[in-house]
Amino acid sequence: MSLGALLLAGVLVIPVGAAAVLALLSSYRLGSRLNILASLSTFGVAAALFRVRPEPGLFLIVDDVNVVFIVLSTFVGLTTSIFSAGYIGHELEVGRLTPVTLRFYHAMYQALMAAMNLALVANNVALMWVAVEVATLTTVLMVGIYRTHAALEAAWKYFILGSVGIAFALFGTIVIYMAAQSALGEGLDAMAWTVLVSESARFDPALLNLAFVFLLLGYGTKVGLAPLHAWLPDAHAEGPTPISAVLSGLLLNVALFALLRFKMVMAGNPDSLAPGPVMATMGLGSLLFAALMLYRRYDIKRLFAYSSIEHMGIIVFAFGMGGPLANFAGLMHMTMHSLTKSAIFFTVGHVAHAKGTQRIEDIRGLTQSHPALGWGLLLGTFAIAGMPPMGMFMSEFLLVSTTIARQPLLAIPLVLGLLLAFGALLTQAMGMAFGEGKRGTAVVPTMLYLPEFAHFGLVLVAGVYIPPPVVAWFQHVAELLG
Amino acid sequence: MGVAAVALARLRAGSFVVYGAVFALSASALALAGAHLIESGGTVLRATLPLGIPWMGAHFRLDGLSAFFLVVVNLGTAAASWYGLGYGRHEPEPARVLPFFAAFPAGMSLVLLADDAFTFLLAWEFMSLVSWALVLAHHRDAANAHAGFVYLVMASFGTLALLLAFGVLAGVDGAYVFDQMRGRRPDEALAGLALILTLVGAGSKAGVVPLHVWLPLAHPAAPSHVSALMSGIMTKVALYGFVRIVFDLMGPPVWWWSVVVLTLGGASAALGVLYALMEHDLKRLLAYHTVENIGIILIGLGLALAFRANGTDWAAALALTAALLHVLNHSLFKTLLFFGVGAVLTATGERDMEQLGGLIHRMPRTAFTFLVGAAAISALPPLNGFASEWLTFQAVLVSPQLSSWTLRFLVPAVGALLALSAALAAACFVKAVGITFLGRPRSAAASAAREVDHFSVSAMVFLAALCVVAGLFPGIVVDALATATQVALGTRVPPQIALPWLALVPIDASRSSYNALLLFLFIAASMLLTAFAIHRLASHALRRAPAWDCGYPDASPATQYTAGSFAQPIRRVFGTLVFGARDEITMPPPGDQRPARFHLHMHDLVWETLYVPIVRAVGYVALHSNRLQFLTIRKYLSVVFALLIVLLVVVVVWQ
Amino acid sequence: MTAELQFDVAHLLAGSLVLVSFMLLYQARMYALLNLFALHAVVLSLSVAWQAYIQGAPHLYVTALIALGFKGVLIPVSLHRIVQQLHIHRAIEAVVGVGPTMLIGMGLVALSIGVVIPVTVETDSLAREDLAFALAVILLGLLMMVSRHNAVSQVIGFMSLENGLVLAATGAKGMPLVIEISVAFSVLIAFIVIGIFLFRIRERFDTVDLRALDDFRGERRLFRMGEGLDTVELPAVDDSRGERG
Amino acid sequence: MAVISSVVQGVQVLLVVVLAPLLIGYVRKVRARLLRHRGPSLLQPYRDLVRLIHKDAVVAETASWLFRVAPYLVFSAIWVAAAVVPSFAADLPFSRSADLIVIVALLGTARFFLALAGLDVGTSFGGIGSSREVMIAALAEPAMLMVVFTVSLLAGSTQLSSVVAYMSGPDVGVRISLALSLFGLMMVGIAESGRIPVDNPATHLELTMVHEAMVLEYSGRHLAMIELAGSLKLLVYLSLIAAIFAPWGMAVAGQGIGSYLVGGGVYVAKLAVGGFALAVFEASVAKMRVFRVPQFLAMALMLGLLGTLLLFVSRTL
């Protein structure tokens, strides 16, 4: 068993094992420590995958397409675990969580990590489907963890819509298999994504189209594209903040990643329906809709949940546009968004603790009362709005400029959406950051700022400099996406 | 960018060090840029860093044009930081000013040095962001928050427009480096689109009507030395963007481009000064004057475009030189004037003219420098403001060279607007100086005012001196501009330095010439002569007595003319048209005890007709799109179902 | 036995599954609905078993057994008990009348066939026909979910949808992981049923017993669940936050 | 050569100052005669000036240094402008240093400081005066610039000497534009030098006065300076009109002393005619309300602009 295979196994086994142990562990302090430790080791192993890779198998694979996302998700998993260690302590004091639920919480957290890693490294489309479903179910359980009516409602809504999405995705997968099986014959080959991509030219286009429609709707529900987004805001708003961070930062990415793999399959087959226009339309729709919804938000977490929808819209639009520039922009935007948005949710969690509320009206003058939080929130808002020198500026630069050059008419709604969203976020963020702030409210220990500012640091650097290997991977994926 | 690094590194050491460092750095940068502008003779320095867009890198370039604007930026920055050494002490929350003050000039210089679209826009937006933070330095004031919001939204709107323009110029294969763009020649329609987008983008930052609404809100909100930078310098950086893109990057112009530019310029010039006349808040007044002067510069640029499209490059060089000269001059006196207002603000805590008066007795130095600045901005010879407007008029008078009939009729009309705005500007500054500094104090604060610290005063004196020098020796400045016009047009105006008595002869002597130095000498000489003669030959006795005031003087300062009453005649002439101004007087019948009341109703028509509807529409749609948030799960499922059916039908139809 | 006999039987079974879906759609009484669903499951397991037989794929028998035992027996019984315990209305009120529902259903079947027709028949037509029927069953199940107010009938709609999935999965020759998938789905459905039981859902999914709305946060203060904005008074388009000032 | 021309320049500089009061006295005299009065003697303005100069100046306590400097500044600005306008001889050395636009601007400078001085003491009258003054100027200056445009577009130069050369040359025909701008310039001149119907130099009635209200606080030598400056201004406008629209008989360098004498005679004759016309006009119209003045000047502005635009038509026809 080669080193690469060991590493790959590590990425999956460590979280699973940790989940088992955490389920048994009663002390929550120990639990949170172990949680961090497990995430750290997972991240270490994943980072090692940059250097050594296992030879691709029919079930699991590590290649240019997913390695960046594996490392990214394990990294965000690590920082989130650090954040949640501080966060749940406060939750216990307030009494919204009990040690028992915390046991469950930690176990689920690691299970979620395992599921997402599996979804990323899966080469077998059915396996990927299973992994995504497991991830969804775990998040459903965690969203409902507060047992409040609102939380249960959110979880239930998420669950029902999610299950329908899962069913669609499964049907799509089956049809893909049928298409492949007629060309490649029965067996695992017809489910191995690598084979699908390379052979898709020989598949039956009609079946591919049918499959893509269902896959788009199925995984699109997870991505949170309007009008399939209904679960997303409530799930973000009512669940514990670390989970909101993971949802926005990682799960959306994973679902989108699954979608991308099938887009590559479609791209391989000239006769099949071009997925581009459909995706571009849905992306623009989500962007505009979410941008408008940002204006009348009263709950800070819901606000940023809608901004996630908006950005998923941008990304899907980018991939819908296609072409080297737009695809590169989309990939870059995915990465930047997951870093930024999770960092924003960290900040929001602190803010909610410091001010004791999630209502935007009740949060005022942060830069005065909690400078680090206030400026952090502003920094996050600007990063998410694509202000320089943050990373999203580069992706939006590439996307907008290539759009006007290729499809001038599409540039209008795109720019309109960006501007609307920016205006909304700016009003809300300025209202919270400036003005007269009440001092004396709870203070947050500086050490807890570590994760968010680590993320912001990365985003800032990426805005002006991306290491060449990452660029090479992105460009390779971009060309695969066609 | 070095400015930011160093200054931020030393931030902890307090405001003095920061301002000192910024001063030192900008002064040295000024020296370098100036040296390059004069000595280099058009050589171009390039640098490429492995930053920015990976496969492209960040390109930087220093040529005559950017060198000239670097001079403008760093001159203003040096003055502002020197001024800040004194003014900054009164800052309640320096931590909200210092880092951004240090980063702001860095952003502007970066814009000037950028040589690819990405770096350019990055620096551009960074500049907006930092200045936004400065606008919100006093964030408790709700008005400032509003100003900051409007400003940043307008700024990012402009950036998006520029981004689109670059997208058009860069084409499908993304040629973002400026050299590649120069290489490509987009067809006429696309180039026109790019021009409009550039005009919107750069114009929204420079404050071109009707995109100027943020300017009178944001500039006053910031601390005064920052207002000076924003109003005097940043708007110029925006114009640099316009010149760089339109003259340098885009291909040969088409005649109708200049029609657009000239129209907007004329509108900005006239409307800006009218707004300013109606304004009694000193900083807002100055901000509106920025709109006016940007309009004047834009007229120059439009003429340059027209002549270039017409093939008469010498005239284009003249017009562009006039515009650039005015860029420099306006940066000088606008910075000076904002410093003066800042001094008044520190001395009295008042920005509202109606509360001021008589300051010339309390703060003579400030008053004098402000007077110089006012005379310069009102284009009075022999100061610098007149030199550039004179050149612009000369450019207007070359218009018979144009072949397009539209332009032949448009240009004199624009010239009329230019003349009108010049006259109104003079009126406006008679008001500003007269009500603020002359007469009798209208409030206790004004009568208790004291002259400000030496740093501030010396900064103002320095700028005032520059205004005079640049006014007396325009020829030298024009020669220095030659390298800049070379970059933009490939030609220049004939060299001036060799002319007798340092005259200014843009075309040839029989056509027009202007000699500020001689004029100044004559005026000074005759003044001294007459004064001397009269004092010597006739009486020089002087008696002080109470004001006569036609026989019935009134001690109360309230009986003086106020800014509002001063502007009333002009308001009656223009206001009803432009602002829908309506004054309503309720005069109780004789014997009635009630006091008579006077109400003035004015509307900002641009704001009300252009912006309010947009805000309303967004609010409405946002409100009503919320219905989608609260459906039942079954309804959401139905939506999903419907979408599925639609997509399936699409597939069926497509197959 | 000849190919066409195999084909005919498979066709028959799949077709009858669609038929049962229609009956589900038509059925308006609770217990009858449950029995019909049991029938649905039985037909499914039969067709799966038949597929196992003709494809010679023994693992499909497992799937058939799971379908029969879990969905044919376990779920219907538990649903019976839930209906009794929660005193759910015996009559199911539909959103749209039966007639229109039927028409829509017809349209859906036509659509699914239209989608699948262009598939070039280098694959054996068996898979193709199966696919068409499976798609029809799925769409009908979804239609049932959106056209019924009653929670139980919505669950049943979902499960019939899932039956369609299994039908498709088994129809695809030699598809791996079919068992895992069916197990996974059974888990999912179990979750739903338990959820209904836990949350005491009487009528609709989204009314999770709204008796005590005490600690509602965020939007809920201004917007009540499941209601449009029209019934809720909002601050007028407010410029105070700086759009206009 | 250069010596002669600079001597001539010097003569002109002195001549304008000497002639200005006489012009005022002449206009007053003619007007008085038209109104069947005898009127004061032609030399009365000189006497007034001398008297004022020898009185000591009374300055309000609230006045600042600006108040005392302004009169000299105003006077010398207008004086320089007067020295540049060709009166009896063309292309003098000064004229190279300032063209028509500069002349307009010089008058503007004078007005700027005078208006400031009006505000300096802080009385209501000064305020009325200067606010009305700048309102008038805000329309008069662009109108004048339009006239300048027409003329210099026609002559292809803003240089007065070149303009004179062109206008006295052969290729200037009778043009509608010129007529329009002549009227425009006349109206501007009337408005700017504060004559009836725009302003009444002889009144102290607060509702009507503009210029007088502005200088109300002045006395002694300061007042003398301002009076002299005012009369110079009138002279400037008259000689501008003369130089542009009636450039005949003007001496050109190198024709010897005789031509200069002739030129001087012609110049005085032109002034006499202009002053007479002004007096007749003033005697025949009534002072208009302050808020009809803008319409009067807007008319002038329209005339100027119209002249400029028609120029293109007539030139291409």
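In order of appearance the chains are A, B, C and D, and numbering begins at 1 in each one.
In the analysis below, contacts are C-beta pairs under 8 Å (C-beta built on N, C-alpha and C of every residue); 3 or more make two chains touch, one makes a residue touch a chain.
All values derive from a computational prediction rather than experimental measurement.
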| item | value |
| --- | --- |
| More contacts between chains, B-D or A-C | B-D |
| Far-end chain from chain A, centres as C-alpha averages | D |
| Centre distance in Å when chain C and chain D are each reduced to the mean of their C-alpha atoms | 97 |
| Inter-centroid spacing, chain C versus chain A (mean Cα positions, whole Å) | 29 |
| Where chain A and chain D are represented by their mean Cα positions, the distance between them in whole Å | 78 |
| Centroid spacing, where centroids are CA-atom means, of chain B and chain D in whole angstrom | 35 |
| Junction residues of chain C, two or more chains touched | 115, 118, 142, 145, 205-206, 219, 225, 234, 242-243 |
| Shared interface positions of chain D, touching two or more other chains | none |
| Chain B, residues touching no fewer than two other chains | 142, 145, 149, 618-619, 623, 626, 629, 631, 633, 637, 644, 648, 651, 655 |
| Interchain pairs in contact, sorted by label | A-B, A-C, B-C, B-D |
| Of all residues in chain C, those that touch chain A in their complex | 115-116, 118-120, 122-123, 127, 131, 134-135, 138, 142, 145, 158, 161-162, 164-165, 168-169, 171-177, 180-181, 184-185, 188, 191-192, 195, 199, 205-206, 208-210, 212-222, 225, 234, 241-243 |
| Chain C-facing residues of chain B, complex | 142-143, 145-146, 149-150, 611-612, 615-616, 618-620, 623-624, 626-627, 629-634, 637-638, 641, 644-645, 648-649, 651-652, 655 |
| Contacting residues of chain B [partner chain D, same complex] | 357-358, 360-361, 371, 375, 378-381, 386, 390, 393-394, 396-397, 399-400, 408-409, 412-413, 415-416, 419-420, 422-424, 426-427, 429-431, 433-435, 438-440, 501, 503, 509-515, 518-519, 522-524, 526-527, 530-531, 534, 538-539, 541-550, 553-554, 557, 559-561, 565-570, 572-573 |
| Chain B-touching residues of chain A, taken from the complex the two chains share | 156-157, 160-161, 164, 168, 206, 209-210, 213-214, 216-217, 221, 227-228, 230, 233, 273, 278, 289, 292-296, 325, 367-368, 382, 385, 387-389, 393-394, 397-398, 400-406, 408, 411, 415, 418-420, 422-424, 426-427, 430-431, 433-436, 463-466, 468, 471, 475 |
| In the complex with chain B, residue positions of chain C that touch it | 95, 108, 111-112, 114-115, 118, 139, 142-143, 145-146, 149, 154, 204-206, 219, 223-230, 234, 237-239, 242-245 |
